[in-house]
Amino acid sequence: MIIGEQKRLEEISGMLDGHRGILIAGCRSCVAICLAGGEKEVAVMAESLRLISSLRGKGWEIEEAMVERQCEKEWVAELRPRIEGKDCVLSLACGVGAQTVQAMYPRVRVLPGLNTSNMGAPEESGIFVEKCGGCGDCVLHLTGGICPIARCAKSLLNGPCGGSQGGKCEVSPDTPCAWEEIYHSLESLGRLDLLEEPIPPKSWLPARDGGPRRIVRKEAVLTEEQKRLKGGKA
Amino acid sequence: MMRILAFCCERGPGEAIDLAGEKRMRYPADLTLIQVPCAGRVDVAHLLKAFREGADAVVLVGCLEGNCHHIYGNIEGRKKVDRAKQILDEVGLGGQRLEMFHVASNQPFRIAELAAEMASRVERLGPNPLAVKE
Amino acid sequence: MSDGGIGVFICSWGSGKDPKLDMDGLLSFASGIEGVALVKMIDRICSKPGQKEMIAAIKGSGTDRFVVVACSARTKRKLYRHIATSSGLHPLAFEVASVREQAAFVHEGPEAQRKAETLVRMAVEKVRLWVEPPFEEEMPALRNVAVLGDGLMAMAVANEIMAQGLTVDLVMSGGSPKGSPPYIFSNQDEMDRALRSMAEASSDPRMTTIKNASVLDFQGPPGDFGLVLDVAGEMVPLRCGAVVLAPEPRMELRTIDGSPAPSAQELIARGLRRIVILPSGASSGIGCSCMTPRGTLYALSLVDAAPGIEVSLMGREARAMDWMEGLQRLAQEKGIRFFRIDGEPKVEGHAPTVITWRDPLLGDMRLQADLLLLDTVLTPEVQSLAKAFDVPVDEKGELLSIDSRLRPGETVRKGVFAARFRVGNMLYEDMALEAGSVAARALEMLSMGTLEVGGAVAEVDQEKCSACLGCLRVCPYSAPMIGQAGKAEVRMELCQGCGACVALCPSRAIDIYCFSDSQIVAQSRAALGKVR
Amino acid sequence: MNRVAIIGGGVAGLSAAISLERRGVPSIIVEREEALGGLCGELGCKGVERCVRCDVCLARDMVAQARSSPLIERLGRAELRSVSGQPGDFRLAIRVGGQGHRLVRAAVIVCATGGEPFDAHLDKRLGYDELADVVTSLDLERQLSAEGRFLVPSTSAPPKKVAFILCVGSRDERFNTSYCSKACCKYSFKLAQGLRAIDPGCAITIFFMDWRLYDPRENVRAWASGDSGVRLVRSRPAEVLLGEDSRPEVRFASEKDAIVEVEAFDAVVLSVGLRPARSAAELARTLQVETDAHGFLRSPKGEPCASTRPGVFLAGTCRGPKEIVECVKDGAEAASKAIAFMGGVG
Amino acid sequence: MSARSGLERTLLGGKFAVTAEIGPPKSASAESVRRHAHEMKGSADAFNLTDNQTAMSRMSSIACAAVLIQEGLEPVVQMTCRDRNRIAMQSDILGASALGVRNVLCISGDHQTFGNMKEAKNVYDVDSVQELMILRKMRDEGRLWSGDELETAPELFLGAAANPFADPFEFRVTRLAKKVKAGADFIQTQSIYDMDRFERWMALVRARGLHEKVHILAGVMPLKSHKVALYMKNKVAGMMVPDTVVERLKSAKDAKEEGIRLCVEQIEHLRTIEGVKGVHIMAMAWEEKVPEIVKRAGLRP
């Protein structure tokens, strides 16, 4: 899932200066799961900002709203009555959500309440770890199901580097060395042979480096004629 | 004996089939027709599963574009056929064994035409290799 | 699955006359199929005695579904539903193997028999997996129609509906409409009679008129719609069984600078002698559309009132209808000239205005006019109606209802009907006919008092739905919606059972009754001889 | 007995029957031919992959709906002999095929007997009699309906050059048809689109006077300019003669320099207009309704589908030439008026 | 096979090679490089020039190499994968060989979070093994990685790093084999303190016959004090410093002298290990001691 964490209150209140009608919009999918933008987090953020507003006389009028999934136009459209009369929206969804709200309500300023971080999974309650770098050309079949692009600090394909010691990455003691894990995974899979052959340079075209990506599933795309025939909001 | 399976929209083409019957328009018995509410009802899995069940050729018969009783079910059907053809090519069975035909309710002769067309394709491409193995 | 077992009824006439099918062979074939509890040959199922015999057999056997092996399913579907209900079964608890049309009539001897057996096998395999669909008969159908539109078309629709004993709420976006109705009246009294009928209708007790209203919200199933109108800032709720959208263009003869066409006396007074009428078609600026009788009638009125006036009509086609054919000859006899143009004329200067264009036969032409009148069209505001009722609009700005196989007057949204106007060439009779047929569509839906809902419709398994909104986006009828639980729900009253959503759903959360995935697969396997 | 008798099983009659059935009103269709569908039922679909919106398949769809409804009784090979009784309780004497007469009681009569295509033999100059390759649009439609393609009669090869001549038997004083038949502009446009779709190698030339397409979305000029294989000539051909290579030659005044041109085509299609049915006068007498100047049954001004006699309603081309979709609307309107006449919702 | 560089000529001649390391300065002037050059001239076959070591910006390795060439020394250019993608890498190599550089050491490079600009964006388009593949293709096939032909192919003596002290130990030899397959001609190991582990590693190397396929130079680093030893042991990842070494420096009166003596002892021991073709002396910020170490270890006449 997409993992994000809240910006510091200081930064958020800095952004909110000069605004009066504020709507905090949370999201019920990924950011709720990583405890960044769910309904409770929206409530906590609302209370904290109301405290700041009364303590420092900011005069903010803060309202809370939830969206099922803030990256879907249909659901963000349901925010319309709540957004009427507000001059800014503090989105506690991931970056995608904030951008969707801004695209649908061009005259209302949308402020990012979260720093969207990565695609990962909860390791245990409260700890979320990056697992996938979205490089567009998966190599898990060569690395025993452990992604070196996302989980090796240097995205090496013929790791480990010289700095891996005690199973930890040189970058930080609590980051396991991906290649150490790859080695042990392939060992238990009995496929250490995969590490013999040097892997040639990777094409980064399908990755973010190739420019913003656009995935098209032709059989679900409505043709121009279908759109004309269907009409309505969709 | 060839096995050609046709998924047939019951509105337009379904009417054409009955009209073909009324007019005694002969077509090869290899063509077996399954009636579905609309060409858009059939999804890629049905088309591929038919080949796994031994069909030599599969046909999706929908109404003419712009004449769909369910607004644009036939365009949805066309998209599924294109996707399935792509997969059949990649798989090696050949997308030629799958085709979409458009038949209006007053074109009974098209049923015989499409049956003949698919029969000739099966002759050219040979029977479904899966069926032969069994 | 079927607990009471499947009944297979073979109609003796199903074999077709010349290439006889061996119906007894089919009988024994059917009895050999696992799960078939009863097999019976009946002489002419569609005859009265045939039906009685079949109903008795079903009741006696305790089977809860059956297969009919007979002629085409299409012509007898309603009959078989009647037999099912009379035997105490669900009206859709059957499948038909059309062995006559799809085997006896189209294949030769042994092949026909084998195909018939395959068809029977397919029908049995399909009905085996039949699941009782939701079938609510009693959806209410309010006998009140909301008609939206300002002009004559809306009024005519209202009249037709009231003539059939239903009540009407006429919702007008403005107060009184500008310009004149776009229809062509054969003479003045027909126009007066039409305007008079408009006045009478508005006083009819069965109609309430709401002026200056725009639609804020539109909810509810067909037969029980809930509208919320914004009437000069105030929110007015409105409940109705059906909605008819009847926007109407307005036509106006205008000068270039937009002022309405002067009367004959004014022309004489201002000494304007040479008048040219150009149907501009476009609502603004110079265009070139078809010469309509409207221009001819206005020219005739000018010439009658002031003989000295010289009138010329320009346009691409000479459009005339029924009785209007002779109109042009009458106009020519009175000295009115007609010019046919291909493409846009060039217009320069003011009093006199010089019009130049290229005539295919006569070459480059020049015409001087003291006054150029444009026959302009004021197309109605259709976008907001389309948005409010979720109905598509085509490039011509008309509420699309013809493009696909919808019947005239129907739109994609069940219960929402739309009258179509043809700009510039719609006779008053054409409009009355359009209004009548659109009203008829609405009445067909409401007149039975209840709406049959359910049957072969889609249903969402809430557990499996991942709320990807795919079904909302693909459904032509916008039947699926997102319920409270954040999961998809298919509104049974809107679903027409086309299955586009089922084919798209990534989580296989939606399936359709009577054409479920498992049924289609079972039929394919049976068709390919893969079932033991 | 609130049953409606519908004379004629064409598109208009079927539409009326279906509309009545949906409102719970039983009806009986008296059809002269064996099968339902009328003139429209004989026409062919002109689309290959794309529907050109000629609406011909409406007839087929409606026949299917009518045949599957228990509320609609159908009498094939049946002719209306006489009508007695008064509006609200008519008695119709009907001769049914070989089994003699049958008496039908009905509260209302809807006459949907339709019109007749203009007999092209009457216009000698267009050579329909002598030249095999000069066909009427109806012949072309029947071939499309049967095989989905058109072959030149004399050579039975697909044509490479086809001419359409519009307004044959319409807007023509000589045959007392000074009216515009409304439908031939549309169906000729659709036939041309059909031939282009079936064989893009077949060039089409259409000789026309005015384009009178009533559906605003039908833009024949845009279609023609976008398709190199189509040529629109605004000229009414004088005659069609046999060329040396035994192909029909059309003599017409060309648009550009108004001299007479002669051009040979593989086939010439005469777009025949609509005339009142031969039996229209006799039918009018039977139903005691008036006809208009051209011989069609007359609807009073401003009341579509009504006839001059209460309780008798008219639908379709029996009351004047019209397109297929308009006949469908006529059916619905006639059904509405019939139900209104029978006192409100059925 | 003709030697492509002085270092290669020494190694091919069977002579025990010596390489040292010069740290490029944080300065725009090459003055300190020239000074080191004069001090160390003749004391080693070739001199490594680190590439923004520990991810701290310093004078570019190739620029320093040019200066060394002017001073008559043979440079070993180090090229990390952290700062350049394959496009910049190949263009730098063409430039370097045009300036006379023949030895290149392909290394992944320290992660930028070690350096003084942690917020920088790293590259890592390719890793050290892939870098070897690219450079070998330029040398042997005369083509860029894209396949375009080069007018003149660079003559390169390709080196790679190896760290017997990083984990997983048993994989380290396989990784060395991978580098050899990718085109490494010589290897310079991490600085050695835990002699047993190095010897076990060399045994595995010999077992796979890698010591004949590639010239292995053992890395040593003289320690100025026991504090430096502790820093190396705890702060530098992939470095093993046994406690005995720390103890020895701590108890010594003159820590620096003890550091030098230890280094010399290590060199003498390393010369006895079969498969070790030379030694790489990394006297970072102590370059002036290299001639003395070389002399006391008897490496130079």
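Order as written gives the chain letters A, B, C, D and E; numbering starts at 1 within each chain.
In the analysis below, a contact is a pair of C-beta atoms (placed from the backbone, for glycine too) under 8 Å apart; a residue touches a chain by one contact, two chains touch by 3 or more.
For clarity, every value in this text was computed on a predicted model and none was experimentally measured.
Trainee: What are the chains that subunit A and subunit E both touch?
Mentor: Intersection of subunit A and subunit E contact lists gives nothing.
Trainee: Let me spell it out: compute each chain's centre from its C-alpha atoms, then which one is farthest from subunit B's centre?
Mentor: The chain farthest from subunit B, judged by C-alpha centres, is E.
Trainee: Would you kindly say which chain has the C-alpha centre located farthest from the C-alpha centre of subunit A?
Mentor: It is D whose centre lies farthest from that of subunit A.
Trainee: Could you tell me the distance, in whole angstrom, between the mean C-alpha positions of subunit C and subunit E?
Mentor: The separation of the two C-alpha centroids amounts to 81 Å.
Trainee: When the centre of a chain is set as the mean of its C-alpha atoms, what distance in Å lies between subunit A and subunit D?
Mentor: Inter-chain centre distance comes to 64 Å.
Trainee: Whole-Å distance, subunit A centre to subunit C centre, using C-alpha means?
Mentor: One centre to the other, that is 46 Å.
Trainee: What is the distance in Å between the mean C-alpha positions of subunit C and subunit D?
Mentor: That pair's centroid distance is 22 Å.
Trainee: Could you list which residues of subunit B touch at least two other chains?
Mentor: Subunit B, residues with two or more chain partners: 11-12, 15, 18, 63, 65-67, 71-72, 80.
Trainee: Where in subunit A do residues touch at least two different other chains?
Mentor: Within subunit A, the residues that touch at least two other chains are 219-220, 226, 229-230.
Trainee: Give every touching pair of chains, nothing left out.
Mentor: A-B, A-C, A-E, B-C, B-D, C-D
Trainee: List the residues on subunit B that touch subunit C in their complex, please.
Mentor: The touching residues are 3, 5, 7, 11-12, 14-15, 17-18, 20-22, 24-27, 29, 32-34, 36-38, 40-43, 45-46, 49-50, 53-55, 63, 66-73, 76, 80.
Trainee: Going by the contact rule set out above, which residues of subunit E touch subunit A in the complex?
Mentor: 81-82, 86, 107-111, 113-114, 122, 124-130, 133-134, 145, 161-163, 165-168, 171, 174-175, 177-179, 181-182, 190, 237-238
Trainee: Using the touch definition up top, name the residues of subunit C that touch subunit B in the complex.
Mentor: Residues of subunit C touching subunit B: 72, 74-75, 98, 100-103, 105-108, 111-112, 114-115, 118-119, 122, 403-406, 412, 456, 474, 476-477, 496-500, 502-504, 512, 515, 517, 520-521, 523-525, 527-530.
Trainee: Can you check the complex and tell me which residues of subunit C touch subunit A?
Mentor: Result: residues 386-387, 390-394, 400, 403-404, 412, 467, 469-470, 472-474, 476, 478, 482, 486, 504 of subunit C touch subunit A.
Trainee: Would you pull the subunit B residues touching subunit D in the complex into a rising list?
Mentor: Residues of subunit B touching subunit D: 11-12, 15, 18-19, 63-67, 102, 104-107, 109-110, 113.
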